[in-house]
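There are structures below to look over.
Shared chain: subunit A. Partners: subunit B in the first complex, subunit C in the second.
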Partner chain A sequence: MTHLEVDGVTKVFGDPEKDGVVAVNDLSIDVPDGDFLVLLGPSGCGKTTTLRMIGGLEDPTEGEIRFDGTVVNDIKARNRDVAMVFQDFALYPHMTVRENLGFGLRREDNDMTDGEIDQRVTEVAEMLEIEELLNNKPAQLSGGQQQRVALGRAIIREPRLFLFDEPLANLDAQLRKTMRTEIDELQSQVGITSAYVTHNQEEAMTIADTIAILNDGKLQQLGTPDQVFNEPANLFVAQFVGSPDMNLYSGRVTDSGDDYAIETDDTSFEIPKALVETEIDTSDVLVGFRPQDLYQRAARLTEGPDVDAEVRVVEPVGTEAIVHAESESGDITAKIGGFHDLAAGDSLTFTIAPEHVYLFDAETEELIKGRLMAERAEDAPTNGVEV
Partner chain B sequence: MATDTQDPKSEFRKNQSWLYDTQSGTYVRKSLIGLLTLVVFTYVLFPLYWMVVTAFKTTAEIQQIPPTVFPEDPSLQGFRMVVMSSLQTSGYDAFFEQSFGWEISSAIDIDILTLILNSLKVAVGAGLIALVLGTGAAYVLSQREFRGKNAIMSLLLASLMFPGTAIMVPEWELISTLGLFNTHLALILIYGAMTSPFVVWLMKGFFDDFPDSIVEASRIDQCTPFETFWYVLVPMARNSLIASFIFAFLLAWNELVFALTLLDNSKFTVPPGLLTFVQGFNTQWNVVAAASIIISLPVLAGLAYIQQYFVQGLTGGAVKG
Partner chain C sequence: MSYVDNAQASYEHAIERVPEGVRVYLPILPVMSLVGVFILYPIAQAIYSSFFDKDLLSPAEAEFVGLANYAEIWTSETIHQVLWNTFVWVAVGSIAAIVLGFLMGWLLYEKLPFTSVASAIVLIPWVLPRVVGASIWQFMFGGSQGIINELLVQLGVIDEYIVMLGSTDLSLWPPIVGMIWRLAPLFALLTLTSLQGIDEHLYEAARMDGATPWEQFRYITLPMMRYNLAIGFLLMLIYNIRNFSMVWVMTKGGPGVSSSTLPVMIYRTAFVDFNVGLASALSMLLFVVLLVFSYYYIQVYDKVQGEF
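Moving on to the complex of A and B:
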């Protein structure tokens, strides 16, 4: 039960004066007690370094890390009372599962007797359903079982913090989904503040209370999964979060009274000013459409852009399909239903509700207008029905 | 070539060489490999074979020209001489004469059991020194960054390249100054120092390949550096440690020059002890061979038992898993 604060932390590998590599740059994150923080970003963005600094495996070059208000920079990893799950599980290969689980408890300054430790090991093993594996060595276990042991080793000590370093990266897709849910359940059950590193945005979206998106060592956005999806702080976040990738086009904005008129190479449309929170003071913008928000043009829809495109590939994913098509200004990807009569070479017209259009400043790449969530979109003029 | 359409396998690619694609080629290939194996086998094992047959020959047969490949008149004379010499030297001759009426008289006065015990003492001592110093040094050299690390590693490697005899005189002076002349401790120290560099290199390879995350996991599991070393690294390094120990042990067991120069007869280890059986023109080679066999037995037995670990230890650094 810890309130974790990362305050202005910078980590430079090598000599900061000369050719040091800045892994983490002035990062500040506040994680309330019991929160599940996910550090999300591409490879080399500094997310793992951040986690390791929280755990005490790396020393910050600058800034403070605080547990419940106490600065822990100078406290060694072994004294921080954190537990960590590693990507490669890092089980002790020469010990049985029972010994692996109990190892931390035996090293700790506690008054537990062998019997008590054994009882605790059994409890945790039951919780993770690995009690029949207790006498096996890690090499005899499958990936998923090793993962459970690694989890067990973390929760058995009831630490102040859980740290997860891409714990699911070495598992197959099916197992990844199951374990994701289990980790989520387990964390809410024990209520221990957690930090979780992943490069998988889907994993981050499903598991997080708060997502911190990092790029090049800098924090891009800190927010709930909804926030980072609907109101990405900038272009990077918008492109990193969400699958398939957002469609982006450069466009020009002009003020036309009650609306903003937007023009791209393919289409022109209007967005009511009521939908845009801030004044648009630039003419060059980037227009973004989420593939999920696009749908095929229906006759009764009048507002919103029309994008004519020619279908290249249809990738069915169950009830929907991801359609890759070619428009005048480039590729467009849409995730739509009712795809069965579509084939490569067909022409079709996509459209999107103005509420769902993203606008970014072309120069600063900052967000101008995000995707309005359903409940807020109700206030806005209705444009039609999604097919 | 896929020309024979009758053959259902003809559609598969052949190796397209006579040696691999025909029955007779296969015979030639296998015979060649067998022959080569036989040559290598003979090359390696002939000296051992010669030692064994010599031990069972009589003195007369050994000097016969041309030599016999197999003893024509097998005899245990050599072994008897070794046993008698040992009994006489260790003072059991009178006991045997009184109890069994066996008369023991030997021109050689070497007690083979004492030789073995001396050698064991020296070899185990040197092995332990090499293991403790070498592993500790290897751990630090592998895990920590500091100035002069490469210089130390190169120096250790260079020290392996000196023949022992090159530093004979200074070693002799050193031992003499320390007042350790004619003690087994002198040999233990010298052999330990001679073998530690190799152990450092072997164990450094192991620690370099050691997954960082396991060390980190132990730190997170609240281990001090020593606890990490003792509870995690050492048990995982068991095979490499055994390999290191065997290496140091065998070097100490086989070393002749230092043992011969730093000890006198009463404290001899195996190699100089065996040398005393060689007596100019009068050498009884069957006795030397018999003594060699007897001396090899405890080491052979020990090595046969731990050989499994030895092989794993040497390849442990190279092959993960």
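Moving on to the complex of A and C:
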């Protein structure tokens, strides 16, 4: 059980004075005991480097990493009591599953006898349902089985921290979902503080207690999955999180008494001031609609915007469909139920509840207004909109 | 029907008359006939000759002597001396080349400055024509002008120049040194490539598992390299036992047989003493030893194929 702190950590590869590459830039993250932190971001954002610094495989150029308040910068990886699951599993190919699992226990300064180690190996193997594979070599296992062995090798030592470096990236889509759930379950069972790296936002959203979103080595936002989805700190987070991508339009804001009047190329609408926490002091904004929040004008009554569009492609996804359409000012994507009768070429009008509209400062790209969740939206005047 | 179709049809017709058991061997017939003429026939001829007292200058007067040539191998002290030389040559040469080559390979792997230049330079002994390499060593070991004598004098190991190549006590060692120089780079390269073949993540996983640098070497590096090292070891044995040029250029196997190994002795028996029968019997001995080494080589090689 460990309280992990990453405090002002910077990592520069190469010579910092000359042509060094800044992989991580003044990063601070506080991970409470037992928390499941996901480091999320595009390739090269510094998330894996951060993980490796926590594990001791890389040294920070600046800043401190602390476990329960103790600085561990100078403690070698092998003495940090941290377990790591690698993307390619990194199982020892010349050892059996049993030897792979027991390897870490045999390296520790503990008084475990061979019998005790063997018993612990069997326990963990049963927990992961790989007990029949104990005498096999990694090459004889399927990807999912290898993944379980890699997990087993991590949990067997009951380390202070779990680190996961894109552990699901090498598995097929189906297996990825099952293993995702299993890792989540496993972590809550053993309650060990974990840091998990992925570039897959869906994976991050489902598995994390806390998400740290990184870009270009800088922390963009630290928050719960709900927070990063509904109140993304900036445009980057808003675009990175959520699928399909958020629809974005540039617009102008004017103050009209009780409301803010928003105007884009396609439409104009009002957002009650009560829905906006801070005063808007800029006129140029970016207006964001989540595809999930859009629906057909005819379906409900709303004071929201009208966006006329022509359907290009309909992608059915079970009970829902993703509709790609073209409006006057560009593409618009919506994800809604009851679109079975739509076909390419049809015209329709989208709308959205004002609570669900995102607004960003066009210049700083910082969030002005996020997506209000149902309970908060109830407090605000709804202008007759059904939410 | 066109001419081509006709030819095709008559070919198919003809081939069908060949029994299936024979037909499958037809495609490899060209290669097999070359193997037969250049490998199998000479072997058979050597086995046959080993039962004769046969002079190279008058082969027609060969006289069947049964196992007499083999009996001579069994009893001749000269030949025993040669066999002992061969054992020392192979054992010392191989082990030294392996230890030295392993260290060189490791240094190259440890990305020191100038590694890429160094790995090219390291290969020079191996790519240099054998006789050239051997001549360089002969020159360096020379009794009156050799740099090695000078070096040993400077270091205070010896008081004055020694004629090493002409001494019955020492003459085996200069060629062994030359051979180590020639083979170590090959082993270094083998070490380097097998080290490079080990996934970096395995070391990281081991570090996270708490392994010390020594434990990483003991439990990751060595086991991951074991088949490559075994293959390298057998290659060293085979190269060493077969070697002829290093000894021949430096000492011609002399003085006496003090620096002769089996291949040198075979050559001398056949082309200096013209005793083809005894030379053939000696060849059979070398043949059997090489067969054993090759058997193990293939065994290990198959294991490697199965493992990865």
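Convention: the second predicted complex is superposed on the first by the 379 of 387 C-alpha atoms of A that agree within 3 Å, B and C clash if a C-alpha of one lies under 4 Å from a C-alpha of the other, contacts with A are read in each partner's own complex, and residues count from 1 in each chain.
The criterion applied here is as follows: a residue touches a chain if its C-beta (ideal position, glycine included) is under 8 Å from a C-beta of that chain, and two chains touch if they have at least 3 such contacts.
It should be emphasised that the depicted structure is a prediction, and the values quoted were computed from it without experimental measurement.
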item: When subunit B and subunit C are modelled together on subunit A, clash or fit; value: clash
item: Which of subunit B and subunit C A:Glu363 touches, first, second, both or neither; value: neither
item: Which of subunit B and subunit C A:Phe86 touches, first, second, both or neither; value: both
item: Which superposed partner A:Glu185 touches (first subunit B, second subunit C, both, neither); value: neither
item: Subunit B versus subunit C as contact partner of A:Asp284, first or second or both or neither; value: neither
item: Touched partner set for A:Asp33, first subunit B, second subunit C, both or neither; value: neither
item: Stretch in clash, subunit B with subunit C, out of 5-13, 41-49 or 95-103; value: 41-49
item: Overlap of the subunit B and subunit C footprints on subunit A, listed as residue numbers; value: 55-57, 76-79, 81-84, 86, 88, 90-94, 103-104, 107-108, 153
item: Of subunit A, residues touching subunit B in the complex; value: 55-57, 76-79, 81-84, 86-88, 90-94, 103-104, 107-108, 153
item: Subunit B residues touching subunit A - in the complex, by the definition given at the top; value: 211, 213-214, 216-224, 227, 231-232, 235-236, 238
item: Of subunit A, residues touching subunit C in the complex; value: 55-57, 76-79, 81-84, 86, 88, 90-95, 103-104, 107-108, 139, 153, 157, 163
item: Residues on subunit C engaged by subunit A in the complex (per definition of touch); value: 199, 201-202, 204-212, 215, 219-220, 223-224, 226, 307-308
